[in-house]
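Next come two complexes, and both contain chain A; in the first it sits with chain B, in the second with chain C.
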Partner chain A sequence: MKSERTKGEVLLEIRDLKIEGQSDDVWHEIVKGVGLTLRRGEVLGLIGESGAGKSTIGLAAMGFARPGCRITGGSIVFDGMDLRKASEEERRALRGSRIAYVAQSAAASFNPAHRIIDQTVETAVGHDVRPRNEAEADAKDLYTRLKLPNPATIGNRYPHQVSGGQLQRAMTAMAMSCRPDLIIFDEPTTALDVTTQVDVLAAMRDIVEQFNTAAIYITHDLAVVAQMAHRIMVLRHGKLVEEAPTREMLTQPKEAYTKTLWAVRSLAMPERTAKDVVLRIHDVDATYGGVIKVLENVTVQVPRGRTVAVVGESGSGKSTLARVITGLLPPKKGEVYFNGKPLPRALKDRDKETLRRVQMIYQSADTALNPRQRVRDVIGRPLEFYLGLKGQERDRKVVELLEQIELSEDLIDRFPGELSGGQKQRICIARALAADPELIICDEVTSALDQIVQEGILKLLLKLQKETNVSYLFITHDIATVRAIADEIVVMYQGRVVQQGLKTEVLSPPHPAYTELLLSSVPQMDPDWLTHLLEKRAAAKAKVKA
Partner chain B sequence: MHPLLRTVLQRLGLGLITLFVVSLIIFSAIEFLPGDFARAILGQSATPETVEAFQKEIGLDKPPHERYLNWIGGVLQGDFGSSFSSRVGFRRSVMEIIAPRLLNTLFLAGITALVAIPLALGLGLLAALYRNSIFDRAVNAVTLTTISFPEFFVAYILMLFLAVKFPIFHSLSNVSADMPFFEKLQRTALPVLTLTLVIVAHMMRMTRAAIISLLASPYIEMARLKGVSPGQIILRHALPNAWAPIANVIAFNLAYLVVGAVVVEVVFVYPGIGQAMVDAVRSRDIPVVQACALIFAVTYILLNLLADVISIATNPRLLHPR
Partner chain C sequence: MEQTAPSAPQRVVKARRTVAQNIWRTLKKAPYSAWFGMIVIALYIFVALFAPWIAPYGEAEIVSQVPFDVWSWTHWLGTDQLGRDMFTRLLYGARNTLGIALATTLLAFAIGGGLGIIASIFRGWIDQLLSRAVDTLMAIPQLIFALILLSIFGSSVQNLIIIIAVLDSTRVFRLARSVAMNVVVMDYVEAAKLRGEKLGWILFKEVLPNIMPTMIAEFGLRFCFVFLTISALSFLGLGIQPPTADWGSMVRENATLITYNDITPLIPAGAIALLTVAVNFVVDWFLHKTSGLRDEK
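Coming up: the complex of A and B.
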């Protein structure tokens, strides 16, 4: 896979592409003259943080601009045809049949009203590539190649009836059904757990290779793109930063910006121990609706002034644990002790003082902030509610908190919509901090952010911990984040604690089986990582069989 | 048990409970109405003895709970009791008065639904497909205008132009049971047209809005990127996910056709159930009023049940659980 292929004729040639996006009735240039060349059978990685314009460029390669965007300059020549000059009908004929698209969230991109197989064959039948029965047979063949379970019948299911990883593979089958010359993969594994990501990456890489399809692989994760692409382009603010073959890009990045892209991965704080326990969760069981067991015999301790990271894939019960601690979901069995005293099980039984001591920060600052409240009120309200501060005193404290989270006090009268993603998350941190808590539960707080912004947020959290001696329960699925910030690690799987202990203990072998799977699934910067991992796993499987 | 069947049974059970509560409310509301039926009929000069005798004859002397139980017991056996306009030796059952009226109303509602629903859906889909075009704006403006006028005004305008100036249709819709179907159809044309104009806007706008709200979904973008044509995107990718809100609005408007058409009935002298109820209220014929009210309640409950079933049947998440 990693042999540098430049053979084959040029399939796609983009020159000096300019795209504008509309915000507040003003058009801004979001792609500022980017060019790229893609040959048949070649996989090109586009990488950059959000707002770099990578998805916009990917869609432009199909001659498509999202509502609120317009292509204003340059040329997009696909196999001799300039998509900018072509009619909408001509472009529509290409889409799906010769250029296909694989979206980030398969769960959202499959129509919930139709069976998977109907959606898989829709393009092939609609574009008269092949009759329905042939297309269905072909879809089942693709499902088999993509290693979907029960390939003959899985297509009869509705999208909500299969898992995210399976759906992502089904979407790849959908893209493949017309044997396109080019596939645009737009962050196809970002929404998946690391353990699922490995299989999906392998399946996608295989099938692209089997049919010698050219691909543009868009992601913000350098380690992922290293497994997939022959060549990588780094983008920032709608401009090309640098371009190089994959191995060269990984070993000798030229630009300073490229080097910062894996900043978080280099951040690693030595662990600290502590005796004084703030929070103790003892033998807790929790259920939804009294039936579905989501936590079983969970015992976790959080030392004062320390960070305990809870890791696991989705459905492992990490977020449920947070709900139990905050009282949103009273446990069915067991107790939660705070400073040695049992916490009232339900939220409504807790007094203001108890509520003040435990605060929460959420994954998506967009939904956690009221869009109609100014920063002054977002941070001021907990000050007023918990500490009874009013008027000038309150405002003074708000400014102080803004300083603490390293934001300018000029932002005090902004609405959340006028802030960047990182700034919004900082406001959420300040809101939690305003209550002067002893424990902050951070639920995937950096997952929605770019690497550089992530690094800033993590450094801020560490700084605040040093200043206020607050404890963090840090829920995440990202091992790099754990390495960066945790003192102790709790590994969860299917509602149970699989392993827990100090960071170095958990991260160094030998591991219990699940921890091993989780840790080995984290993509490495080595472009041969996926190949080697698959070989190793195949060998292990063969050994078990023998 | 299939989840759909279970939901239908559940909703039916709830509907029965609702109906029971409604029957209590109807009965007690009428009980609290001021005035005395017997005195009103017999006039100011009636002696207390004659009033008492008359009350005894129609059963008004018994205590309310006994009368309620008698009434509801009869209803459960399909007997809505006797009209107060019955005389000794000449019993007029409530069913006898209401049944032909109800059939007329259902006929009018049915024909209107057959015209209005496809029209509203079609216009709504086209408006969504060509959103913000001249066509979209024109359809919106026209339908909004027609619901902005009071129904009787629309009715009289139609009558003026389509019956008086250009005598295409009948201005009076006094249909009878023995009339041939096509004559009936011709005579009801104007009320059908009036009611259509009144209800199309609501359904059409909801169809348009429900479809457009889905057009920003990732799966619609995906369909575009798969090269699906704009018409197919609306029909095959948006509409199947939009049935729930549309069905609710349709059910609401169908119920209106049954229970709210009284103004139109009066204008066109159409012998429907709305008019029957108004007449009964005027003559204080309480059993008829009660029966009409109960029929209206059943209409609402059944149509809402139907809308719920459609919402579930078009949602694969509910129809095919994991």
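Coming up: the complex of A and C.
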């Protein structure tokens, strides 16, 4: 069936597209002559690291350039109409009705003040495609097709009253409401948990097939795009690296760069055991506001010089565990032992020396670094604060740390805004390392980064562990990362530890039900993975019913 | 430090870059309105600093037997109701009004900004207490409240500064608190707390630099308002007291001249207006610069 859909009539043809972006009052070329052809009913995957120009090209397919960007060359022909020559009025008539867009963050794209159904039908009614009552009936039909729960009434809820995965499906319904010829999906599942991602991917794939809609699917995750797209284009620095049908791309990638897109998946570290325990969390309960229980009977041990990965979906209590260890959220019950001695429960009762031994690295280096402090001060402050280093002595140590994290000394006077995402995360690592800690809590430290950058960060963390014998408590939802770095795994679900043990034990069957669900939801580099998974799950459900 | 250098092959880490050139680069790109504003402000500051040297006569010196004299070569802007030189008093007025307004604004920012950030860091009952106190103060019309307080405590310069600063600090408090609220939830503030940093560090090193652009812009606007309040109070007779020259009271004392087709009282009023416009031009440009918004083309 897939081959049929790649032979239809050409719907969108982009030739030699050039787009410039402005920074510091200078125009830089960010898309350097990219061309693509899309036929009716075909799904094209655009993949590449951040800054590759994927989203910019996606928006250009609607004849749109973000503020601060301008289209400078090439042609964009949609169904016989050159969007670059068309007037703004003509383009506006197309957008929403014939070309639709699904953004990454559904939560940020919905207006929180209006009911979901009002927003779903807005485009159809606004473009006079169908009258309001018909549009509402149609929206409910789309909700059913997208397998949203209670399709008849879910539209009456407000965006904050449904889950992230449901909202993303509602946004797909919104895009579908005018039956567009082309939908642009811009990283629609990136912000979702793996377990929810499966449902959303299945729903989107289904509906696109049902209406024979053409789609451009933008993502940085090759395994995800493999489930959706018939053809994949790999982009880098605004240029096409490689283009091939999905199966061919996965089995025989031609360019070395394409292989780096799954760099983390190729990392695997044999587990090591250790006797000496640095951190022991014993039977801890934690609540927010004394009412909502977020952790229940949690017991976790971290061996010295080893890495314990805590996995689970959002809301499972992983990050709360980190807050309990750091003292930000004193536990209601239970103890946290550090080097065999109980840690004071609250942050304010801990002395400098205790604080120094436990450091933390955050998910988003953007918010973890003060934008008004230079690298020199960010890394220098713990040296000054804990070790009393000053002046040249302090600066020399900062340079030493920069070398340790494989960054150039030239970056010392940069502000965080002048660094790349990977560099920023390295600076955060250096800040933690500056305190010479025994335990570093890494809270999703790689999940905001591109694969190749992730690989670099993970390798760096392993190298630093070898050099300093520091222990990591590594919080993540990404199983590939766990394979790459962990010695032991703790699986959490709804505030409880579901399973814990050495990496090989946890990752090899038989699994408890939740671990099974989590592991099976991780997209594989196989275009049939989603189809097989859904069949398997449907079969299992049928069995339960029988 | 230099003695240790030869003993070991330790490199000297290069020193910080200066920011002077960056400032000049930014200034060169400023629009005409901002340049106009900056030149006007510079002129006012120059006049305020050097009034005694520029002015042809003394501040309260009675130089003519003729009150309300017309413009002439000896008295450029004529004389006032007591026969003092209007031009001289206009120059001295810059010094008094500007100086007092600046001191008042600085004090208002120290009080309001400090408490605002503290409220956002601690939240809970401290925030509630401070915020409700501020609400109460703001519920009373500002000018009338200032008039009441000035007639109770007497209108000396110190009282004037303190009373207006306290009343204006309520607005600064609200702004500082709401802007700082967005900063204190950032991971870097949490990181500083986890490091064990004290309140002072978090306030001055983590939060303050990040709310500075907004606060500086507000400083410009607040300065205008304080300046106008002082002029208004002087106009009403409760502000800066004679014989100290001040633009607000100059307007009041010479207001009758308007009926004789003489525009002299409009000149101090114009001086107030010009400064307000100039400050706003600069603030606008600064806000535009720091907001990171690009002009759509």
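Following the convention adopted for this analysis, the second predicted complex is superposed on the first by the 541 of 546 C-alpha atoms of A that agree within 3 Å, B and C clash if a C-alpha of one lies under 4 Å from a C-alpha of the other, contacts with A are read in each partner's own complex, and residues count from 1 in each chain.
Throughout what follows, a contact is a pair of C-beta atoms (placed from the backbone, for glycine too) under 8 Å apart; a residue touches a chain by one contact, two chains touch by 3 or more.
Here the structure is a predicted model, which is why all the values come from computation and not from measurement.
Counting the residues of chain A touched by each of chain B and chain C gives the higher count for C. In the superposed pair of complexes, A:545 makes contact with neither chain B nor chain C.
By the document's definition of touching, of the two partners only chain B reaches A:158; chain C does not. In the superposition on chain A, A:352 makes contact with chain C only, not with chain B.
In the superposition on chain A, A:398 makes contact with chain C only, not with chain B.
By the touch criterion stated above, A:22 is placed in contact with chain C alone, chain B being left untouched. When the two complexes are overlaid on their common chain A, residue A:123 makes contact with chain B while staying clear of chain C. Within the superposed three-chain model, A:275 lies out of touch with both chain B and chain C [touch as defined at top]. Overlap of the chain B and chain C interfaces on chain A comprises residues 67.
In the complex of the two chains, the chain A residues touching chain B come out as 59, 62, 64, 66-67, 92-97, 100-101, 103, 105, 108-114, 122-123, 126-127, 157-158, 160-161, 174. Residues of chain B touching chain A in their complex: 216-219, 221-229, 232, 236-237, 240-241, 314-317, 320, 322. Residue ranges of chain A in contact with chain C, taken from their complex: 22, 25, 67-68, 70, 326-328, 347, 350, 352, 355, 359-360, 362, 364, 367-374, 376, 381-382, 385-386, 391-392, 395-396, 398-399, 409, 412-413, 431, 435.
The part of chain C that touches chain A in the complex is made up of residues 1, 10-14, 16-17, 29, 186-188, 190-191, 193-197, 205-206, 209-210, 212, 294, 296-297.
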